Structure formats: structure tokens, C-alpha cells
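Two complexes, one shared chain (chain A), two partners (chain B, chain C).
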Partner chain A sequence: MKEQVLDILVDLTGSEEVRDNLNLNLFDNGLLDSMATVQLLLELQTQLGIDVPISEFERSEWDTPNKIIAKVENN
Partner chain B sequence: MINLQPYQNPLYFGLLILALIPEIICLLMGKRFRWYETIVSLIFLMLTFGGTKIHEGLMLICYIVFESILTFAYLKYRKKDNRGSVFVIAIILSILPLVIVKITPAISGSQSIIGFLGISYLTFKTVGMLMEIRDGIIKEISLFKLLQFLLFFPTISSGPIDRYRRFIGDYDNTPSKEKYLKMLEKAVHYLFLGFLYKFVLAYFFGTVLLPIMSKGSLANGGISWWLVGYTYTYSMDLFFDFAGYSLFAVSISYFMGIETPMNFNRPFISKNIKDFWNRWHMTLSFWFRDYIYMRLVFFMMKRKVVKSRVLLGNIGYFTLFIIMGFWHGLTWYYIVYGLFHACAIIINDAWLRFKKKHQDKIPSNKFTELLAMFTTFNVVCFSFLIFSGFLDKLIFG
Partner chain C sequence: MNLIEEIDKWGLDDTDRVAYDYLGEKNTYGELKKYSDNLAAYISKLKIEKNAPIMIYGGQDFLMIASFLASVKSGHAYIPVDVHSPVERLNVINQIAKPAACISLADLPQENEIDVPIITLDKIKEVVKQPELENNEFNFVSGNDNFYIIFTSGTTGVPKGVQISHDNLQSFVDWMGQDFGLKKDIICISQPPYSFDLSVMDLYPTLVNGGKLAVLPKDLTTNFKELFATLPKLKANEWVSTPSFMDLCLLNPEFNQGNLPELSHFLFCGEELTVNTAKRLHERFPKARIFNTYGPTEATVAMTQVEITEQILADYARLPIGKPKEDMEVVLVDEDLNEVASTEAGEILIIGPSVSKGYINNPDKTKTAFINFKGKKAYRTGDLGQFDETGQLLYKGRIDFQIKLHGFRIELEDVDHHLDKISLVSQAVSVPKYGKDHKVQQLIAYIVANENDFDSEFKLTQAIRAELKESMMDYMMPQKFVYVDSLPLTNNGKIDRKSLMKEVNE
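Moving on, here comes the complex of A and B:
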């Protein structure tokens, strides 16, 4: 699961950095924006079958690879 | 009966502090004095919407009854079924009063009789709730809490725009003593910062300097140094006036143990337009981002309406900023202001993509950062000149 999420993130951000630093703030570093967020939610839905409504998406809870992995694993 | 508009004069602040003292003492003892809080809210709502504004008060009541019925009806429906068409109808109905209020002046030249202070901000809150009901995130609503949320008096006139789940989370809990002490500290700080912004700086820029600049530019006509002066003076006035108001609203919320979100985060040091919208009137821009931009992009991406990511994002930006323009009012300068920002953010995005691709060739240092801030500041101030409507006066008299 973790690897799949990281693959999606590498694909979206175009950066391998997300694999090396799991506590990297994706929004502050300009790696993710609203557009990429929407893609992330869609990828989670199509690849992993995890449904996260946009209302559920609170930026501060999804801003590092670690937090995203935790969210996905708890789903 | 007297009428007092929020945060306008010393009497309002005096009464507010007096009324809040018992509540502050209770919160310090770790209790929420709910019925007292409710009575204080009702009194302050009556001060704002009573007396000479009683007509607005009645319209507010009608509006609240209408939106409450709509929200409960949609919630009831959503528990059984979830059709897109019903959702769209619910949204159209909920924004209908605001649309009428915005269109009426453009058609008849006079204000709509169904309008009242703060109708826009109540509409943002209600539409947000409907969307979260649609997403299945809001499952239960109690009428009492709905009214507390919509009619929360510190923010009723002009925001900041809070969200139902966040607000109720605060309202249902009482902050611990340590936390509340910290909130009080901030509340006092924000209150005095608000005084500085609104009654010193906004007064200086807006009431003292702006009329001089306005007179000078109109006398000279066309493009003049006076107009440049007007642009920056107006921008400062706009910021300090609205940020001052927002600080009051957040401060009073904190006194009441509610952490209303902040509206401004030093917008004039933004490095680009995107950064600017993450710092300027934040609760509004986040509302537009979450409820319009992201939903629209999600919908279009899922249905594969548009293939290109870039085009998709740009359609999202145009939709967002045109709606924001119309929301400000049906005049050419508000619409142009919206279009201007849509173009600015699209250019900004293109630049960011280019920069990412050529990272190694583009210098990035303290100087380029200052240059970026300087450029953004000037672009933003120019957009405020459009927004001010002053060009309308200058060009069309």
C-alpha cells in the first residue's frame, strides 16, 4: 500500500524526493497544489479503490507523504 | 431602539466587552455558559438588525427560515438517495436569494428589498454545508447548532467564513484552561492590532489621504502620478480596513472560545499570485478553492471532459475568478478584476511549470525573491485599482 501511494506521489510531483523524505511538506514546497490534489484523490479512487470526498480533504492533514500514507492505511 | 453596526464605534466595543466578561470568567473556570452566550448573541443581533434596520432584520429571519428548511430537506433526502440533479436544485435554491440581491441593482438601479447585511457570507456557509451533506460528511444537524453556526454574531456581517464541522467542534467543547489563556492572549493582541489597522491606518489611508489622491487624479484626468498614488493608497486602505475588521471578528470569537479562522497572512509579502491568494481574504479564497475549483476539476477529470491537465486547471481558474467577480457585484470593473486575476494566476502557473523544467538555469536567490515580491505587490495593487471602481469614475465621469 505504502509503495503504491509513493508511486502515485512521485508521478504527480515529478520528484523522487517524496520517497526519501517522508515528512516533506508537499504544499509548502510547491510539489502539490489543488490540481494535483484532485488527481491524487482520483488516483486513490481508481488504483486503490479508496474513496475520499473532497470535503474530507483538509490540507493540514494531508501535507506530507507520511500523513497521506497514514490516511490511506486507516481508510 | 438604537442601532449599532458591528465594530464601528466605541459604544459597540464597550457593550461587547461588558457582555463578554461573564462568559470569559465562565470559560476560565472551564465551563461554557451556553444560554448566556445565546442571549448575548440575540442582543447583539438585535442591535445590528433592529431600530432603523428592522427591515433588514425581518429579511434575515425570512432568509434563515428558508435556508434551514432547505438544508434539513436536503439532509433528509440525502439519507435515502443521492442524485446529482437534486443536489444541483438544492444549490440553485440556496444561492437564489443572493443572486436576486446581486442582480437587482444592475437592473432596477436600486437595492433589492430582500437584502440584508451579511447575506453573502451566510450563503457561503449554507452552500458549504449542502456540499458536505452531498459528500456524506455531514450526517446529522441539530436546528439549534445550525442557528448558532449561521447566526454567530462576531462574524455575521463580513466573515471570516467558518465551516460547520469546524465551528461545531469548537462549540461542543470547552477549551482547557491553558488553551483558553493562550486564546485570550491572542484575542487581546488581535483586538488592539485591529484598532491600529482600522482606526489609525485605514483612517489615515482611506479618510485622510484617499480623497486628496482622488481629487488630484480627477483634476488631471487620464494617467497621472496622482492615479499611481491613488492605486497604492487605495490598496493600503482596502487591506487595513478589511484586515482590521477581520481581526475584530477573530478576536471576539476567541474571547468566546471559538477559533474562527484568520483571514489575512501578510499578503503584501506574497512571492506570486498563487501565494497571494493563500494569504489574502483566505477564508473566501479557500472556500472558492475547495467548493468550486476542486469540485469542478474533479468532475471534469473524472468524466474526462478535457484531456489536458493545463487546460483543465485554466478552465477551473476562469470559472472561479469569474464567479468571484460576479459575487462582488454586477459592474464591469468587478468582472474585469476577476478576469485579470484569472489571467494572472494562469500566467503564474505557466511560469512555475517553466521554472520547474529549467530549474538548473534559472537563478534563485534573495534578489530574485525580492523581485518576485515587488512584482506581485504591483500586480496586486493594479488589480485593486480596477476593483476600486475609480477607473469607472475617471473614464466615464
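Moving on, here comes the complex of A and C:
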């Protein structure tokens, strides 16, 4: 699951750095913006069948690869 | 009647009527009139160049709207510049437009080179609170005078200022009042920044009709939890946005008629509305009316419309952009500007009263884009279109390298130009990646980097991004940076963007 999430993130951000630095802040570093976040949620849904309630989405809980992986694994 | 008078009328007849609602902080039509009158009187007394525009720098707030009106009341067009703009853009707009003054409702960036009188927020606050003046003698913008000037991306890194006159805007507002079945008193969401002409679609039609603007500030649209908590509180009837913003909202299953029963009209502009988005929206809001519209900034926001009914959804694989409004004409032409046969595709030429007079202080670009077609002034859109047998106009893409990304209009050459100026970049080209729905999903920068000491591509990218931020609007920033040893070339020795586009979109 972790690898699949990272694949999605690499594809969206175009950066392998997300694999090497799992605590990288994706928003502060300009790797994700709100439209890319929408894309991320859509990919998680179509590729992994994970439904993330967007109405519960708080940016601070989703701002690093580690946090995203944890969210997905606990889903 | 002059549009400004029409808005003022509400302030005279129904002073306490709410015009602007910023997350519960409300301002009335009475305040709108008083604030803009006081400010216009103040501007009129300044010894500034008559007829030159006023640059207005700020975000989404009531004083911004009051300043727009003050500007046109005192005979000056306004140039809205969003608070999130990089300083270089401010400076370039200042250089090109040579404004008479600048109203800064937010702190101007340190490195600004604005060399005209600056009216600060403190001054504005003081002026608007003064007792109302009687017998103001104003010289309202009217007829062919410029009302607003909005800057769009240009191919050489130099933005172009589209001049929209009072009568251009009047033609647009009249159409909005007639063709969409919108009632007076409507509550309309106000989401796009004022420097983006989509905002004009909510702003003036709503104010002229005495409606209420319910603001969705930018911060809110990036904080989804708060966004969805706020939407039901707005009690909005009319929705104006890009389809991209709608895609975001549709991710929430709670975004439906049951929870937002007041929403009766959805109007889209700025980029292609896909069947997928429209279908899902229709399922969520079966009773609401959905409209697709089309038009370049140069023809005042939009000038074709079609209601997306179940029939249209069943009949079209790619949604039409509609029929021109009554006073406008669309002609499709080939490269030599000859009209194409009735069912063939051609470049969309727009003729009629909502066509701009041209780009401010840019006769060359004006001459290329605004042409004489059989004795009438026509705007060359660079868009390919085709009429079907029912008279609906179909959008077929661009004839050049302009793209729309999340509703923002971007010239790829403009992005290249910014990339080329970066010290770490030897050569670069930007390439759009398309999704399944013909829409651009991502902008990718292919870069041949100069020699550098960065120990990873990531760090190099961060450095390039930081440098780009100083000159480039956020929305133009490539999402992906790909480093290569060389870029493919065409037979003429130019960078071959098309072959990269093919590769990326395979």
C-alpha cells in the first residue's frame, strides 16, 4: 500500500524526493496545491478504492508522505 | 442607463439591502454608494491624469468593490491586481498601463517600482467613514470609455491589458439578465479573484440587479473542511465557477440539492465543461439549471451559452459551448481569413458590441488580434470551432500554444520565457499533459540545466521554483520538472514542443 501511495505521489509531483524524504512538507515545498490535492484524492479512490471524505480534509493532516500513508493505511 | 447609476439606485432606494457578505460580515448597498461616492470625490480632487486608469491592488473584500466603483465614478478605468501577484507582475503592469494612481488595499511588496501616487488602505478607511458629501459632481465612465482593464498572459512574457469599455460591459450584463432565467434578489457566490475576468460574471450582473455577493475567499477554497462547512451557510442561489472548482466540490457526496436546496443556477466559464462533470452535477442537483458558457477576456467574459439539459447530455460526447448572444456574431474562418463551409471547423472570429477595443498601449498585438472583417471589427480568438447542424458551436481546441489550466489562461511561450530567464536554466520548454477529458491536467517543464552544485534534482527544482516565484503567477508554475541532457529540435532548429507533447500524452 505504501509503495502504491508513493507511486501516485511521484507521478503527481514529478519528484522522486517524496520517496526519500517521507517527512517532506508537500504544500510548503510547492509540490502539491489544492487542485493537485483533488487529483490525489481521485487517484486514491480509483487506484486503491479508498474513499476519503473531502469534507473532513484538513491540509495539516495530509502535508507529508508519511501522514498520507498513515491516513490510507487506517482507512 | 449607466451601469454605475443602476447600482447606485439600490443604494438610494433600498439603503439597507445587503450587497456583500464576507463570511457573515455584511455591507449594504447604502454603504457601497456612500463609500464609492466619498472615494470618488477624493480621487476627483487629486491632481492626477484624467482618463488614465487606476491600478487597484488587493484581495476579495468589500473595499475592493467600493474602490472599483469609486474609480469609474471619478472617470477612471480600474486595473484589478490580485494580492497574490508577484512583484514583477505589478511592475510590468505599472510600466505598460501607466496608471494615474494606485490604490493599495494590501501592503505593496517591498521591491515595487510603482512611480505614481499611492492611495493607502489607511487613507481609504478614513475617506469612506467621513460624512456623506452632497451634490457630488462626478464624471462617470460611460459609452466607449474604459471601465476595467484586465491583464492576461502574453506570449513573450509581457502581459496584455484587455480594455473593456462601459458599453462592452453593458452588453454582457444585459445578456446575463436575459438569457439565464436569473431572478433579481439573487444570492451569488463570488469565488474567483477579481483579476480573473470570470469574477465579472458574478460581480456586475449581481450588483446591477440588487443581489447579494456571498464571498468564498481563496483561503477557504484550499481548506476543504472549512469550505464545505461554509457552503450551506451562504444560502446561495447562483453558482459561478470554473469546472475545475466544481470537480473539487463534487468530491463531497454531501454537495447536493438536499443540503443546498437554494442553489438553482450553475454557470460555468473559463475552461471546458466535460460531460462527466455536468452529468454528476445534474445527478446531485436534478432541479437546478446548468449553463455552459464560452468567451475570451477580449469579448467581455463570455458570449455564447447553452443550457445543459438531459437531452444535451444524451446527444453530445463533448458538450457544445452554445449559441452566440443576440447582439454578437461568430464567424469561422481558415488561415487566410476566408469563411469556411457551414459544417467545417475554423478559427472563431467574434464580432459585436462586447468586443474590446484592444490591448492598452500595445498597438502591435492589438493589430494582430483585432482585425477588420468585411467592414466590421472582429477579434481573432485562436480557438478552433465548428457549428453542428442545430447551430450549436463546438470547441475544437487551440490553433496555437495557449492552454487553460484549472480555468487560467496560459501561453506556453510565456512560461518558456520565464523559465529561460532563470539563472540555473540553459534551455527549457513547457509541455501540457492532458487527462482523458481533453483538459490539461498538469504542466511539465523540460529543462536542460546549467552546471550546478545541487546534490539532487529535488533541490535544483526547489531553487528554480523559488526564482520563478519572483516573476511568475502561481497558476503558471509547472507542477513537474524533468531534467534532460538536450531537448528535441524541429527541422528548423526550434525546440520541438509537439514531439514532447506526443510523448507525454501517449
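Rule of thumb we're sticking to: the second predicted complex is superposed on the first by the 75 of 75 C-alpha atoms of A that agree within 3 Å, B and C clash if a C-alpha of one lies under 4 Å from a C-alpha of the other, contacts with A are read in each partner's own complex, and residues count from 1 in each chain.
Definition applied: contacts are C-beta pairs under 8 Å (C-beta built on N, C-alpha and C of every residue); 3 or more make two chains touch, one makes a residue touch a chain.
Worth saying up front: this structure is predicted, and the values here are computed from it rather than measured.
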Applying the document's definition of touch, where does A:Glu56 land relative to chain B and chain C: first, second, both, or neither?
both
Once the structures are superposed on A, label A:Glu17 by its partner contacts, choosing first (chain B), second (chain C), both or neither.
second
Just checking: does A:Asn29 make contact with chain B only, chain C only, both, or neither of them? Give me first, second, both or neither.
second
Does the superposition put A:Gln39 against chain B (first), chain C (second), both, or neither?
both
Using the superposition on chain A described above, determine whether A:Asn74 touches chain B (first), chain C (second), both, or neither.
neither
See if chain A has more residues touched by chain B or by chain C, and give me that chain.
C
Which positions of chain A sit in both the chain B and the chain C interface?
14, 30, 33-35, 37-39, 41-42, 53-57
Residue ranges of chain B in contact with chain A within the complex
131-132, 135-137, 274, 289-290, 293-295, 297-298, 301-302, 309, 312-313, 316, 352, 356
So in the complex, which bits of chain A are touching chain C?
12-17, 29-30, 33-39, 41-42, 53-59
Chain A contacts chain B in the complex at 14, 30, 33-35, 37-39, 41-42, 53-57
Which residues of chain C touch chain A in their complex?
221-225, 228-229, 244, 247-248, 251-252, 254, 406, 441-442, 444, 456-458, 461-462, 465, 474, 477, 479-482
